[in-house]
Structure formats: C-alpha cells, structure tokens
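The first chain written gets the first letter, and so on, giving A, B, C and D; residue counts start at 1 in each chain.
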Amino acid sequence: MKVAVIGCGTIANAAHIPSYMNNPEAEIKYFCDIIPERAQAAVEKYGCGTAVVDYHDVLADPEVEAVSVCTPNNVHPTISIDALRAGKNVLCEKPAARTYKEALEMQKVQHETGKVLNIGVVNRFNDSVNLIKKYIDDGKLGDIYHVHASFRAHRSIPGLGGAFTTKAIAGGGALIDWGVHYLDIVMYCCGDPKVKTVTGEAFCELGKDMKGYAYTDMWAGPPKYDGTYDVDDSVVGMIRTEGPVISLHGAWAQNIGENECYIDFMGDKGGIRLQYGKDFTVYSSEYGALTEYKPVFKMRDHFQNEIDAFIDCIKTGKKLPSHIDTVIITAQMMQAIYDSSEQHKEITLG
Amino acid sequence: MKVAVIGCGTIANAAHIPSYMNNPEAEIKYFCDIIPERAQAAVEKYGCGTAVVDYHDVLADPEVEAVSVCTPNNVHPTISIDALRAGKNVLCEKPAARTYKEALEMQKVQHETGKVLNIGVVNRFNDSVNLIKKYIDDGKLGDIYHVHASFRAHRSIPGLGGAFTTKAIAGGGALIDWGVHYLDIVMYCCGDPKVKTVTGEAFCELGKDMKGYAYTDMWAGPPKYDGTYDVDDSVVGMIRTEGPVISLHGAWAQNIGENECYIDFMGDKGGIRLQYGKDFTVYSSEYGALTEYKPVFKMRDHFQNEIDAFIDCIKTGKKLPSHIDTVIITAQMMQAIYDSSEQHKEITLG
Amino acid sequence: MKVAVIGCGTIANAAHIPSYMNNPEAEIKYFCDIIPERAQAAVEKYGCGTAVVDYHDVLADPEVEAVSVCTPNNVHPTISIDALRAGKNVLCEKPAARTYKEALEMQKVQHETGKVLNIGVVNRFNDSVNLIKKYIDDGKLGDIYHVHASFRAHRSIPGLGGAFTTKAIAGGGALIDWGVHYLDIVMYCCGDPKVKTVTGEAFCELGKDMKGYAYTDMWAGPPKYDGTYDVDDSVVGMIRTEGPVISLHGAWAQNIGENECYIDFMGDKGGIRLQYGKDFTVYSSEYGALTEYKPVFKMRDHFQNEIDAFIDCIKTGKKLPSHIDTVIITAQMMQAIYDSSEQHKEITLG
Amino acid sequence: MKVAVIGCGTIANAAHIPSYMNNPEAEIKYFCDIIPERAQAAVEKYGCGTAVVDYHDVLADPEVEAVSVCTPNNVHPTISIDALRAGKNVLCEKPAARTYKEALEMQKVQHETGKVLNIGVVNRFNDSVNLIKKYIDDGKLGDIYHVHASFRAHRSIPGLGGAFTTKAIAGGGALIDWGVHYLDIVMYCCGDPKVKTVTGEAFCELGKDMKGYAYTDMWAGPPKYDGTYDVDDSVVGMIRTEGPVISLHGAWAQNIGENECYIDFMGDKGGIRLQYGKDFTVYSSEYGALTEYKPVFKMRDHFQNEIDAFIDCIKTGKKLPSHIDTVIITAQMMQAIYDSSEQHKEITLG
C-alpha cells in the first residue's frame, strides 16, 4: 500500500515514518513538506519516496491510498478534508483541529466520503492504557466515580513565541497540546461516556512576559522573543459525565517542584494510578488486606501499533477507537473548557 | 479570667485545656460533658475546676467570661448561641456548624450580643501559614492566579459508623472535617476574596459497604457496623473568586498510594507548596535562574497561639481573623459545594 | 477462670503469662517451676498467684480449670497426661512430645478424659498465616502442587550442650524445634492433607565438635562444653501427601550466608512466599500481566490470639485447629523423617 | 584436524563453532543441518566449510576426525552412534539422550568402537567449578554431607509448544534441560559418588494451559499455541549417594519472585554457594572467627576450554571428565527422578 507523509517535522520522524518503514505492507511514496529541505532529508534518510512541497501533488497521485497529516494544528482541517475528498484515507495528528467547529467540519467530510479519518490519539494503542481499560471493563476497580488527570510541569513551555504558543496556529496551549492525550485516555478507559457539564479556567501567566520566563531547557525551541504568546500555560477544570466525574489540572509551566504527570482512576473497589507514558499501580483490597502492585507486561511501541492498525483498518473496514467519531467528544470537551474560561462559568452540554 | 470548656473529648484534651492551663490569665472553672466521667476525669487530670453535666449550669455562673465549645458539630450552634446570649465570649471548634444556615444564625446572634464569637480555624494562628501570608501580601509570588488544595488519604475514615460518619451529627465528611482547614488557609492567605462560582462533587463510596472497608488503623474508632455512614469520603471542586481560582481534591479514603496533603499557591512570579501541618517550599526565579528552598523558622504551638489570642481579644476588643464574620465565607463555600453536588451543576454566589 | 502455668522459663514469660494477664476472663492462680526462684520471681513480677515447685500441687486444686505446660519436651507427656486425668484442660507447648509414640499416648488420654488438649502450634493463630489460608481455600492460587519450607540459619544452635541439644531431653534438634512450626503451617494452610511417603536425612555436623563451633551469639546459651550434642543441626526431606508435595530444608547452623527462613506455596495460578514470622508476597498474573504484592493488614499478637482461643474453647467446647488430633500428624511426619534418616530410605505411611 | 558440526542452531553458533574457529588445530570442513539455509548461513558467516543437509555425507568423508552433535535431544543417540561406528570422535551436546536407556546404548557403542564420546557437560571445563572442586578435594570444607541445587526461575519456559516442551523430542523439561547442568556440577565436584536412592516429583503445571501462561520474554520463542506441552516445568528431589545427600529444586517457571539459581555445598568445616554461571562465596571459620569471602580469579570461556580439551584428547587419548562413562551416572539419576515421579515413591539404585 502506497502512503504519503505530509509534514516532515518532529512527530513524523519520531513516529509515523519509522512505523511505516517497519510495516511490511506499507510503502512511503512521498515525503511532503513546505520546507523543501525537510522533505528531501527524509528521502535521503529513509532511502525511499519522492520529496514534494505542495500536498496537492500527493493527493493527485491515484496510487496513494493513505496519508499521515503531521503539520501544525491550523492546517489539519484543510489538508485532511482535501485528502478525504481526493479519496485518501487519513491519519491526522492530534489535536484534530484548533476548535470544535473545525473538528465537526472534518467529521462531516469523513461521513460524506466514507474514507477513513483517524486522529493520532496514540494512547488508544498503548499496551499500558489498554490493560487499564481491561481492569475497568472487567469490574476489578468496581464503579469508577472520579478520575483525576494531572499533567503539571515545572518548566516545559515549547518554542516560546513560536507556533506552539500562538493561538492562531495552535488553537491553544497546555490543554490542547498535552491535555488532549490525558482526556483521551480517560474517555477511552471509561467507555467514552457522554459529557454533561464542563467548567474550567485556562491561565496565560508564566510565558506572557517572555523575557522574564526563566528556564533551563526548551523543547521545540529556541524562544522567538518577537513572536506571540497568547495560549494557556496552565489549566484547571472539572467535567461531569454520565460516567465518572473528571477533574484535570495541567501546565506546561508552573511554580511547583517536580513534574506531576499521572491519571488517577478512582473506583469503589480499587484504583489505578497511571504514570503517563510509563507503567501503572493498582490499589485494591482482598480478604480484608490492602494490596498495591505494578503489573508487569511487555510494552510494544504504541506508534507502531497505531500505524499497523491504520493500515489494517483500511483493508478490513474495521472502525478503530481513534476514529473521528470518537475523538470529536474530546474536541468538544476542550472547546467547552476554553469557553467556560472565557465566560467564567460552567457550560452545560447536550 | 474564668473560663469553661464544654465538651471534654479529644480536641479539648489535646488543644484547648492544655493551652488554657499555659495561659497565665486564664483559669478553668468548669469542665462540662454530658458523660459525667469525662468531666470528672478532666478535673482530676488538670487539678482544677468543677465537673458539670449540663452546660446551662456553666452559663448561669456570672463569673465565667469565656467558653470553649468542643462538642460534636450538631450542637455547636445551640450551645454557642446560648452562651452568647448568656453574655459569654465563645471560641467554638470548627466547623462553625453543619450548614451555612446554622452558621448565619450564629453570626446573627454574635451581632446582636456583641460578644466574641471565634471559630477554631487554628491555622490562622499557625506560624507557617502566617509566613506564607507574608510572602503573598508582600508580592513575592506575584499575582496568585490559582490555588490547589489536596487533602487526599488512602485509608483514614474516622470512627466508621459513628458521629463522624453520620450526616445528622457531623453535617458532612471529608470536606467539612478536613477540607474546612484547607479552604480556610487558602482564604486567609489570599485575603478572604469574595466567592463567585462554586462547583463540586462529593462522593460516598469507600465506606458505604462498611464491612467491606479494608483498613489497618482507624482514628476515632473502632467501627460501629450497626451505625450510619452517609457522608462524603471524598470530594472534588472548583471555585472562582475575585482573587485566585481555587481547586480542591480531598479524601478520607481513596484507592491511591501515599497520602497527598498540601496546598499549592501558584503565582506568576513564584509558587509555594505548603505540606499541611509542616513546612513549605518556595519556587521562584531570580536573575534568570530558578530557585527552590524551604524557609527555616521557629514554629510555635498554634493551639496555644489561638487560645492566647482569644483571651487577649476579650480584653482588648480586637477582632481576630477567626471571627465568625470571616469564617462564615468558608461555611458558605462548603454549603455551595454540597449543594452543587446534589444538583450536579455549578452554583453562582453573590 | 483459674489457670496455672507449669514451667516458668522463656516461653512462659514471653508468651503464656502476659497473654493470660491480658485475657479478661483468666486469672493465674499458680506459677509452678522445679526451680523455686523462677516460680517466685513470676509471682512478684506479675503480682498475682502462688509459687509452687511440684506440679501435683497445682493439679490437686479443684479450682484450677486450665494449665499451660511450658517445660522441656521430655516431660510434656507426663505432665499433660497427669493434668488431663486430674480433670484439667491443657495447652502444651510444641512439640507435643519427643516421639510420635509419646504423642499418641497423649492423644489417647485426651480421648479418654474428654478434656481439652491443645498444642502450642501458635502459627495457627497468626493473622498472616490465616490470611494465606484464605487465599488458598478461596482458590486464588489455583491448585497447590508443591510447598517448600526453608528454615536455614547460619549460626543459631541454642544452648550448645544443654537441654536443646540433648536428644534424651528434646527428642531432636532443628527439625523438632523449628521444623515443627514450618510443617505445621504447611499442613494447616493446605487443609491437613493425609501423608503418603516421607524421606529425609538429619545431620549432626556443626555442633558435634563443640569446642570447634564458631559463633557470635547463642540463644538459650551459654554453651556447656561438658554437655551432650547428639541432635540434628540440619535436616532435609521430601514428603508426598494427598495434597501438595512438601520439601523442607532447615538448619540451626549451616555454612551458608544469610538466614533463609520462608515457606513457598506454589500453585498453578499463583504463589505465596511467607517470610517466617513476618509478611508475605503474592505472585500471580491477571489479564496477561504478572503481579507481585505484599498485602497490608493489621497483625495482632498470635500468642494472645492463642490464649484467648484456648480460654474460649474451654467454655464453648469448640474444637480448635491446635487440637492434638490435628497436631498428631506433624508428630508422625517428624518421626518418619527421623526414621527415614536412620534407615536411609523412604518411609511409606498409611 | 578436520571437524564437522551437525546441527547449526543456537548452541552451535554460540559455542561450538566459534571455539573450533579459535582452536589453532581444528578446521571445520562441514556445516550440517536439515534446514539447508542454516547450514549455508554458517558457511557464509564463518567463511569456511561446506554446507550439507544429510549427516551421512559428513560421516562418509574419511578426512573428518571429529564431530559436534548439536541437534535436538531426540536424535543425539542415532547420530552419535552412527558417527562412532563411522570412526569419528564425538562431542555430543547435553543431555546425552532423552532416557537412560538411550544413553546406555551410546555408551555401549563407545566401548565397542573405542572412539571418543564426550558429552557437552561444559561446566566440567568451567574455571569457577574447577576451583570449587579444588577446595573440596583439598578438604577445606571438611566433609561435604549435603549439597542443595536450586535452579528456580519465575518465567523462563522456552519456546512454549515447541521442541523444548515436547517430551517426544526433548525427553523432559526443566530437569533435563537445566537440572542436568546442576546435577553434573554436584557430581563432578563431589567426585562422582555412587548413587543409592532417588526420590523426586516433576510437575507440569504452569505451561499446561498454554494460552493462560503470562510472561514478558520467551527464549527459543515465540510460543506455538497449537504445539505440545507435556514436560516438567518444575521438579523437586532428594538423592542419597555414597558421598553427600543431594537435594534439588528447579523450575523453568514458578510463582516465585526473583530467580534463585545456585548450588550450596555444605561441609562440616565450611560451605560454598556457587551462583550458577558466576562466582562463588566461601563460608568458613578460622581461629574461632567466622569468615565469608568471594575468591577472585580469571574466568576463561568454558566452551573454548571444552573444545580445546576435546581436540586435545583425540590426539593424546586422555580420558576427559566429560566422557560418557562419567556422564552416564547423571543420566541414570535423572531417569530415576522421572521414574520416581511416575511411581510416587523412592527408587533404590545399585
């Protein structure tokens, strides 16, 4: 199956491209990037494909069956929609879009075209997350009444003044960039429950005085002090669903100590703390004694799992848990948090 | 100054009585308890005063100028109001009452009588807390935009089935018993800002099946399996004020690991984590470098500070930060959290 | 209930006497010891009872309902039998006797008299052991096919040359003194299965050259170099039962490193390692992941549990798991190990 | 000297072939494997020899003086016997055969032909093992009265459902695959004492429900769920010899914690714990003080030692400690353990 990668930046090189290379059925025909050098570098590094600058050239090739969209958030909708309309199957990186409205538009075109539109919520292909889902589905934790998601960092604002911190490009900051993964894991493990109320506050505090932001390292850096910083560097919120109550507290930067990045699933029979990106601990009791343990299992690469499932679903027609129809709910939740923050009051959904 | 202690249980013996004994101006004239043996035991242990069973006997003595109310929550209002009307100055243990309405009634009588009515929000006399207040008031942390209060325990339900877990007596569980201190510290340090919106959910989950509750130790125990358990064992909430946004997450019992009991004050120039009941850490930056340190200072006994200030204010007429007029706001916030939890929606105040 | 303690040495003072003192229904009327000073010291230390030298004086008092036999092993049978025949209920320390034949005699008299005869297999009253029994009975470990008992010490020969190391007094060494507890735990947790074959070898090696035995500390010491050393300082064996195969390897002294004192219960679904006298670890799997944890629970004093159960069973007539009828099987197993060792071949039972 | 390697799998590539390559006198003329690609791959990798599929072609070449037999266990006897009869000297991997009877047949042909037949009991060429043998032979440990061999793993079943776990091919499981090395070391260090009684039980428990076997890694994997699993995954036994008593407890998989792989030599003057494949610790005493230390020495590659000795003995006629005449005893012991396990009773030998 011929595939193309549109956008050859960090996530493409770290995840999509190597996973396609390892998949026995996929063959990368195009590396596309608006920076010609990046596309060409990929061709040379991976020893296959053609470098192109304009993604329309990729879409015009009838041999290409699938594309990965790995661009900044602001062009996710346009490229994905154009690809779907050109008859391509699409794996678009997260978040689906900057706003709920844009995401709905993408979903609409998916429904019209019938082609695959999956979003890169890669944790749905993570073995640790899927094992937690089994614990919950099987009732080992009893009724999950509350989930708390913490994604708090001390100093991790990415590319101060660049695409990540410019709302017109990224759509948001810590919530849309990191929170999307945490909310997605919560929703997935809890069976994608319907959302009822959302309240939240997003803060733009530590990066607003760009020159005064002290740090030691910066990913996606270095800072562009003549750029824009108008996104949330921290966020807090509370969401009622038909399942558990969800609370969240995250930050790219906060005046705290160590990073605190975990999700706590609290059930009446047991609980799980997932250390984000790592293993998890089960807290429970049996025969009147308290128990605490970390299950040991083989962790495969979740990006590989994701790409393999994408290729497979194109052939089989199987609907994946990363389908836009599922992911749209997280887009709605994040939109509601931003809306609630602007209006300083709770938002009631459906 | 002749004083009386009404209710001779744990908090009276651990805090009020020894502090009165240490105060050079106070003399305990009565130990009052509905259990005669407890009052008598206090007389013998401390070598002073008279044991009485009916608090009206205390109030009838014109020599008594001040009383401490150390009873279960449900009789705080009646005894405090009777005492005020009998012309006594009152230090009533926290929480003021089971409900906001009861607390308002207490405040009304304070206003009518003009006698002192302080509530036992002892952290307002804690040296650690007062030092944090100085950091904030002095602007060292910049603008405090968010405070997060965490009072989460693994297994600490007190006296399962007893007074603590019976709503008709205690008015609530983890929130009213532990949360009251955390919210009070936040309000005090942030200048008692006006509250705008409150949303929260209180959960009654881990103790509801009393026989199935596994634990190793129990304070205020042992369990009474034929008793009542209808209070919150955990709670989550978010509060918007004219100052910072406040988020809270607390539990007497939750399926998590270690206890996590702290308050994070997040400012745009610095932050503080107070380890509840212990010391605190300051996170900030200077000259482009990040700093983190624990101030070292002398911690006096906060109960002694509280009693000394109470005796002093009776003489001087000085209004303390523990006056019912201040504490009433926390009572309103807790009421709003419980109301929000029942209605599953945000409450707008003022 | 009036009770008497016969033999006022280490185990009496460490376990029996304090537990009777704590039991609200028991009252120690006699402390009996052939060394008059030891009996008198107990009277003075515990502030109750009368000191006697001849146990017949105790048995002659019709008020005494129960006796603890805490003497060296060689007089367990005579005193216990005399006490039963005098109408007393008996708790005799472990091992029941030096030989299986003696133990059978004790059982016979218990059957004739109908009075209680329990043996001090105190682990049957240990909370850790009972919790393991629940795991096994409930099927959490699946089928237990093999149990390995390790009670290996580097240097722990007690009272070299004294009662412990003299076969005519003690009946044996490491096996009868330590192994009895391990075998008893195994039998108890596995439902006291019928024994089929026993093979074993008992070694008298490290203490045989008494002067050449290097050590740093010695319990029940100091050494009597003119005494006797003719018991096993280590033992190995294998037992087939109608339940699991049991292997054992123990030593008072061996040229190994750290002490290795544990019991491994191996089931096809899970396993448990009990660290003797401490907590235990559960090894299992769920949802394809491997798990390992130490249950946390409240450990009560097992000697207190034992004495409380003894007093209680006299009143209620309830048969305890420490009844001679159960313990007799362990006596038979130990006898068979010693017999197998002498004959250097496997013994087939029943 | 022209040699041939029959069977070009794991052990051939890891041990035999590189050692022949390093031996200045040996030259590999044939790589033989029933999978032609494996033989050809060896030719290419090592740059010498000819690839053949049928081992008879090797035996037909009069230039070949020696062969290594590195095939699965089931064809060890046939190929070794054919080779001996063809006048070749043979180094056959361990175990000699699946059964004692097959091993006896091999020994018989060795005696008839007079050619060398050594078995791959490589530990007899291990420097650590030989140093222990020196300690024992020299009397430093006194009389060795008991040796305990522990080869217990948590999760190490190889190639579930494949050749290793199929009795018709391998002859057995953990005992024949791992235990053979441990028993061989014990016998070698203790002077190959005559065996008197053998009792044992072999368990087929953790792999029997193949789908339910949880693990993280698998050597010689992946699992073949449509294959066979009918071998011992754990074993326990006790052996009386004219020298020490030997106890053994081993497992490819058991519900325990860490792997416990060691041999304890217990003497009346000292003891040694050999950490299998690693170093060893000596426990002893001198001048009344206890000592514990790990001798430090140069460890050479034991496979190289083995091959060098094999080549040398062909020239010199020297009989090695790995001669079938010695190794036959271990084959007899393992057979007796399996027999004892089937009959559930002790076996008396010779």
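Observations
As a convention for this text, a residue touches a chain if its C-beta (ideal position, glycine included) is under 8 Å from a C-beta of that chain, and two chains touch if they have at least 3 such contacts.
As the structure is a prediction and not an experimental result, all values here were calculated from the model.
Per-chain CA centroids place chain C at a distance of 42 Å from chain D. Rounded to whole angstrom, the centroid-to-centroid distance between chain B and chain D, based on C-alpha atoms, equals 72 Å. Remark: chain B and chain C have CA centroids separated by 53 Å (rounded to whole angstrom). Shared contact sites, meaning residues of chain B that touch two or more other chains, fall at 214, 216. Because contacts link the chains in a way that matches no line, ring, star or complete pattern, their graph is best described as other.
Inter-chain contacts, as defined above, occur between A-B, A-C, A-D, B-C, C-D.
On chain D, the positions that touch chain C within their shared complex are 141, 143, 145-146, 148, 154-155, 196-197, 199-201, 203, 205-206, 208-209, 214-216, 234, 236-238, 240, 245, 247, 249, 254-257, 264, 266-271, 273, 281, 283-285, 288-290, 292, 344-346, 348. Residues of chain D touching chain A in their complex: 214, 216-217. Those residues of chain C lying in contact with chain B across their complex are 296-298.
The residues of chain C lying in touch with chain A in their complex are 131, 134-135, 138, 140, 282, 286-293, 295-297.
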